[in-house]
Amino acid sequence: MKPSGVITLMTDFGLSEPYVGVMKAVILGHFASAVMVDLTHEIPAQDVAAASFWVERAYRWFPLGTVHLVVVDPGVGSARRAVVLEHEGHLFVGPDNGVFASLLDGASPKLVREIDQRLVGACQLSPTFHGRDLFAPVAAVLASGANDVKSIGAACELAPGHPWRPLRVPGEPLEGRVIVVDHFGNLITDIEACLLDMAPQVQVIVAGRTVPQVRTYADAKPGQCVALVGSFDTLEIAARDASAAMLLGVKLGDRVFIESN
Amino acid sequence: MKPSGVITLMTDFGLSEPYVGVMKAVILGHFASAVMVDLTHEIPAQDVAAASFWVERAYRWFPLGTVHLVVVDPGVGSARRAVVLEHEGHLFVGPDNGVFASLLDGASPKLVREIDQRLVGACQLSPTFHGRDLFAPVAAVLASGANDVKSIGAACELAPGHPWRPLRVPGEPLEGRVIVVDHFGNLITDIEACLLDMAPQVQVIVAGRTVPQVRTYADAKPGQCVALVGSFDTLEIAARDASAAMLLGVKLGDRVFIESN
Amino acid sequence: MKPSGVITLMTDFGLSEPYVGVMKAVILGHFASAVMVDLTHEIPAQDVAAASFWVERAYRWFPLGTVHLVVVDPGVGSARRAVVLEHEGHLFVGPDNGVFASLLDGASPKLVREIDQRLVGACQLSPTFHGRDLFAPVAAVLASGANDVKSIGAACELAPGHPWRPLRVPGEPLEGRVIVVDHFGNLITDIEACLLDMAPQVQVIVAGRTVPQVRTYADAKPGQCVALVGSFDTLEIAARDASAAMLLGVKLGDRVFIESN
């Protein structure tokens, strides 16, 4: 795989301390011309499911050969594995806590390797910050082309994951949940657009209320809550110029139902 | 116009989801060596007036030939136009909701074009995220020099705008308003320094109180509220090591008066 | 000193206004290929001690020849000096308010220069934003190699500083304080790991409670508060999947004691 030179970063570190900046320092030390793009550093603390959702939805927008660094790592310093994964022409680096399982959706990844810290020269890891001491240098040497995935360590299996998509049981109503409450108060669900028949006879029910379906935010009346296919192809509940989360009293993890009339 | 290769980004998307990161992905796909600078992504949701103020104040600090992408877009998916504008050697890309009218301040822009999505290959727009699907690719091809403004679409007029400057009526007190409450609690007003005669006989009145005029923050006594010309050449109300917004109980949109003794 | 081309930025400006973006504009105007890395812009307003801590802990992770721009500047516009400092192969630029004294820890810096604004062409400074008008251009010309430190101004002494490390008085218990409450609610103290003997017979006492010592976050029981050596080699109080600050009711500046049994 030919690297694009781009590295994306997604963490739950926030931006109030220089944790992300220091990861970038380490990347630049190994690959001075890295192009680094922040996906977000505001994943809710230790919310592996949200990270799993966003990396799966976001990676495909980047050039082929991009390295995606995902560090939401409640098990840092424990025996959990550190892995590199190749999938659909992209590389993924991070702790093996299930965050990457959604990418595969049951398929086999092309390559998975357990990071051998001796091979990448990361001999003295701090027990608390593998993002800086292990994952950043691995991402950098992969993005620069100095190392290929096979050189990173031995083949391994991925840990069982956090599949963010709900299962559809034929004949039963589809039940999903709110996987992200975004900056605008939009409720992003885990129900993929392709699972929906957004015809009028399908009802979207949240917080005990049926919300009408529209095509775009501007189709809603001011203050009205509506359902639509969101920007990343999942069902979303939104309100015109307002927060659907506040109007409906709905929060992360709450359930959303799709019923056929 | 010779592009500088720099693209600035200003949105109301926040940083808690990867919306901005995915716009950057699309830009890199069209222009791998783009230099991207975030202006801010914390414009209050749908606050076109604040975006209008900041783009007008900020653009001039960038190299000539910079492309400024401004996506505060409550009308996404509706019939509002998408435009590109050339002004003073800079390019501006975004929804035509009045955000760019302040740049011109009554003057005629050198060039305005309505974005023809067929010309830029953006055939399948999502109805909810034109920042990613339309404005990002247009900004990229302009910044790379692959396209010039005239190739983007047909000439058009700009929508009437959000002129952020108050009008001065001769013989009457000047009335402005708080257009930004910044991170420090400083009250940034829409009253330009050139409209003021910051002589001692002019009084600045906010929340019913007259605040003394100083040259710099350090001239205020601890806890004192003062008026000064701020960093972007408008009247600002600040407090020494404290939040003027909290001390005065003043919020976004509140009025500020300038009276001559 | 050969510049790396990298400039780090640390301020208390926040990200809600384009203050940082405009500093980057000025840097690009002087040095179009600058590699800019944000350390953080969420230093608590005017908290010079926190900035002093973070710059000292973070700079060493960057390539030699990096320029570190630190603008936490309550005295902007007053008579406080503006300085450039060379130390351990890195350059530091900012207001001379003690923020750089911790870097030296009593040693003499290799070079300190007072910025002569005439030499760098910054003739018309705003009285409120030297980050943009003075420090950004100086950082840019140093990082590009257009100027060396000696060309920036006359030699001077640094202002007395904010040494963030507590003194150890032989025979007395070591007393430190919480210097950062981070994004996770971890309590980062100013007690360096090398001052500690993390043996079982040493007790860490905070908020009147003795907290057990562990090696990594995953060693704590859920909800338990523990003491460990943090990622930047100082004593840290953390809780498993929770905020130690909330659990203990401890805040910035509170004291932490180390006692030998």
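Chains: A, B and C, in written order; residue numbering restarts at 1 for each.
Convention: a contact is a pair of C-beta atoms (placed from the backbone, for glycine too) under 8 Å apart; a residue touches a chain by one contact, two chains touch by 3 or more.
Predicted, not measured: the structure shown is a model, and the values here were computed from it.
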Equivalent interface positions on chain A and chain B, same or different at half = different
Overlay chain A and chain C by their C-alpha atoms and let me know the rotation angle in degrees, rounded to the nearest 5.
-> 120
Please work out the Cα centroid separation of chain A and chain B, and write it as a whole number of Å.
-> 31
Within chain B, the set of residues that touch 2 or more other chains is 15
Per the touch rule, the chain C residues reaching chain B in their complex are 13-22, 24-26, 28-29, 32, 45-46, 74-78, 126-129, 132
Complex contact set, residues of chain C against chain A = 4-6, 8, 10, 15, 35, 37-42, 54, 57-58, 61-63, 180, 182-184, 215-219, 228-231, 236, 241
